[in-house]
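To start, the structure under review is shown below, and the notes come after it.
Chain lettering (A, B and C) follows the sequence in which the chains are written, and residue indices restart at 1 in each chain.
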């Protein structure tokens, strides 16, 4: 069955085992993404966003407690593939990643050119020279000078490293790139530059993005869709434009209310309390404790409700 | 550190069986050390260790410990002494009208062993003005044979050894006396006699000629095993050295480890605090120290100057301070010194002492304590190493010294394995105990290692 | 499509140079610094040695011996009467003493000694002789160096590669039985090598008669070169085994911990995400970055083993540097003792230099002037 959607994530679960108990970082997440669309996953620190990226990419740590669900990429459920299959056919070919703080994500003792051409050699079967040419082409796309190929990561500035990381994610021309807080460690000018690069790539190469961030303002530049994550679950999805003007879920509303606007002297709001611990999750709606609009029904876990082409996980919309 | 912290630490330690084993062994060693120092005070120990023949005569030469017999079907004779304090001895004195005395001393013992002893000695003491007392020795076997052993005039001090008596040997058809006296005449193979088991007696018939003249003797049988630890070639009871080696080893190890760790910390603090050329100087000294060959220089100091353990201890500490550890501590100091919370603390007027105890010391402990405990074994073995090289403190009985003596007498080639094994095993136990505890502490204080 | 490069805030770092130039320049700098360190170290050694005036004694004895020898060989002298001869000899010796500055203040003397020591002009032994019959301390010691290098070299190379391989394997099986075993056995590395030596001799030589008690070769040595080499290897087994055992488990444990820590780095995860094979990841993303650290640790361990080998050689009667030192102690041959310490200082300095060199080779972050 030919799937029009690039990515379908259904009931994705990832729990970790720690000394204090099981951390339910990703607890039944559902996302859909079309070709050539960018979805931004918004949420506070500790809501499980990074774990979501790792869960989709099957980058599991040593202390996995539970890992299940469906991840359908281009019509194929990749969760069912074994390690070697996944490595050869999905990793970097189907989807790649740009991590947070690329300093640590680049091997300090290898030249960046080598690192960028590595995936091309493995997955596209290129020889070294060919792969280096491919890397060079990517460098051009992201705006990194050619002679940086022979440099080591420590010789690059933060912004350059991030660009290199994007080039590395592009070199095999995957349809999907997952970016985990790509600019949170950089200054605003560099941030703007990076997002320009991303926009251009989306336009020229048709890549889809999953952008994980807590920075609503900058991400709004790139986002076509928005998904809001809270305490391991997706509480709202929808088109970006409409989300930013009229968020549905009380949490999303609070989030948007805390973003300063360029014009106007609206007083900024904040949300009382703290997100729940992913080890000790409350029964019922996880946001209920801090929700100004909670009512009796919120003691039960709300279903995901379809609201036109948006979804909300909230009893208010039933 | 608060009591709460202390208690938590102990609970943590309890989670590691290796740490408990190590700690228990260390406590046992400390106990032995204290016990030794009380029951065998230093002077007495020196006396026993260097006393000379007077002290050592009671022991045979180069024999394993008595408990070896537990492991063999045939029993080796155990050494023993019969005098007025131990063993079966009767002494009768008959005074005659002319002032002379007939003194009869009878030593009775049971011999139930399968092998022959090394020797039989009678240690005579006589008091007289001009005329030596006279002694005549008769040996009575279990099967009733009486052998005239010997007779002689007794000077002030005289040790009679059966094995050295060539006249007796002649009388006994050329067989070594200590064998012949015990040989069973009914042995199946006369060429390889077996000892006759039963009650033996040695009768000393002595005569003193003068009024205040006196004669006394001790009977010593040198078996093939002796004591709890055996003896060395000087006939010294190894137990003395084994026991006394404990406090020496512990003291050297702990003092060296403690001194070095403390001074390393002090110097790294000085470097971090003053910075500038002081810091640079300390760095350079550390680099130079790395090039100085540690053991050879200690050897040089030991041979050229003094074998005294204090000199060696001092030199060891001096050479061990400026190591890579200084860099580790310095890094911690720098981190604290330049941290914002220390700045804040100073801003609100916290005293230096408060800053040190609240911020600095908790950060030092995870590196300091494991490294302190873990360095003890290397110092204990260092002391042993120097002793094996012949540079040990000549006055102290230490484990290394035992090994040194053993090597000098080619113990391994001669089959005197116990001589080397006993101190070696003790050294191993001590080293391993501290190592076990140290490694466990390291894993407790550095959770990163624990996770990994 | 070409893109205009936007200048980044925070300009680029310095141009990367080729590996050879970088390592070359770094090595040269380190060599100079190390040499200075060596000079200071040897000077300290001399100071310590001469605290009891022993270097003076050595020097004076040397002068006396040399002067007397050249003196006595002259025909004219041999025809003099004993009284005149001895007076003249003493005068010549005093003259030599003065010429060589032995009557100058110690500070100046010490530099002279330093010069001698650095050029390995270490005087003559009092009682020992070299195999070639010379009494020159330098020859006595240097003759023994190959044996030590053979033993040390073989043991350390084996130790390095075997522990690396095993630690890598172990890091893949975290918390397995082998892992726990290695952790449990790591305290065995606090025991010095000669200790293991004693037990090994006890078991394999004394009790089982499988291995020789010690020495380099059987006496008389086999004439056939192949047999000779085999015989040496046989004799080298137990001492090498002692040296290896004494560091084995702790080293594996240290490397394995390193690998575990380094394998939790982000770039390792990235490598996995990129779809590299496990073997590739292990080699390029775990092993390569750890290498500088491992090399440093290994060199430090090596320095420790140099000293540990002294008694090990003694226990096994291995005719190397350590045993020479031991014999010198027995003979109380001061020149040889002092000379050996100087040679050890040299060996240590060379080891440190090699460490720096390899470090610069493996870690691209190393720059000059650090």
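By definition in this document, contacts are C-beta pairs under 8 Å (C-beta built on N, C-alpha and C of every residue); 3 or more make two chains touch, one makes a residue touch a chain.
Predicted model, so just to flag it, every value in this text is computed and none were measured.
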item	value
Closest chain to the centre of mass proxy, which here is the mean CA position	C
Contact pairs, highest-scoring chain pair	B-C
Most remote chain, CA-based centroid, reference being chain C	A
Where chain A and chain B are represented by their mean Cα positions, the distance between them in whole Å	69
Distance between chain centroids, defined by C-alpha means - chain B, chain C (Å)	34
Gap in Å, rounded to a whole number, between the CA centres of chain C and chain A	54
Numbers and ranges of chain C residues touching at least 2 other chains	174
Contacts with 2+ other chains: residues of chain A	none
Residues of chain B touching chain C in the complex	18, 284, 287-288, 290-297, 299-301, 303-305, 324, 374, 377-378, 381, 385, 388-391, 403, 407, 412-413, 415, 417, 420-421, 424, 427-428, 431-432, 434-436, 438-439, 448-449, 452
Interfacial residue positions of chain C with respect to chain B in the complex	33-34, 37-38, 40-41, 44-45, 48-49, 51-52, 54, 174, 183-184, 186-192, 194-195, 198-199, 201-202, 205-206, 213, 257, 260-261, 264, 300, 303, 306-308, 310-311, 314-315, 325-326, 329-330, 332, 334, 337-338, 340-341, 344-345, 347-349, 352
Of all residues in chain C, those that touch chain A in their complex	1-6, 8-14, 16, 174, 265-267, 269-277, 284-285, 288-289, 291, 362-365
Interfacial residue positions of chain A with respect to chain C in the complex	57, 59, 62, 87-88, 90-93, 96-97, 99, 101, 104-110, 118-119, 122-123, 140-141, 143-145, 150-152, 154-160, 168, 187, 189-190, 193, 204
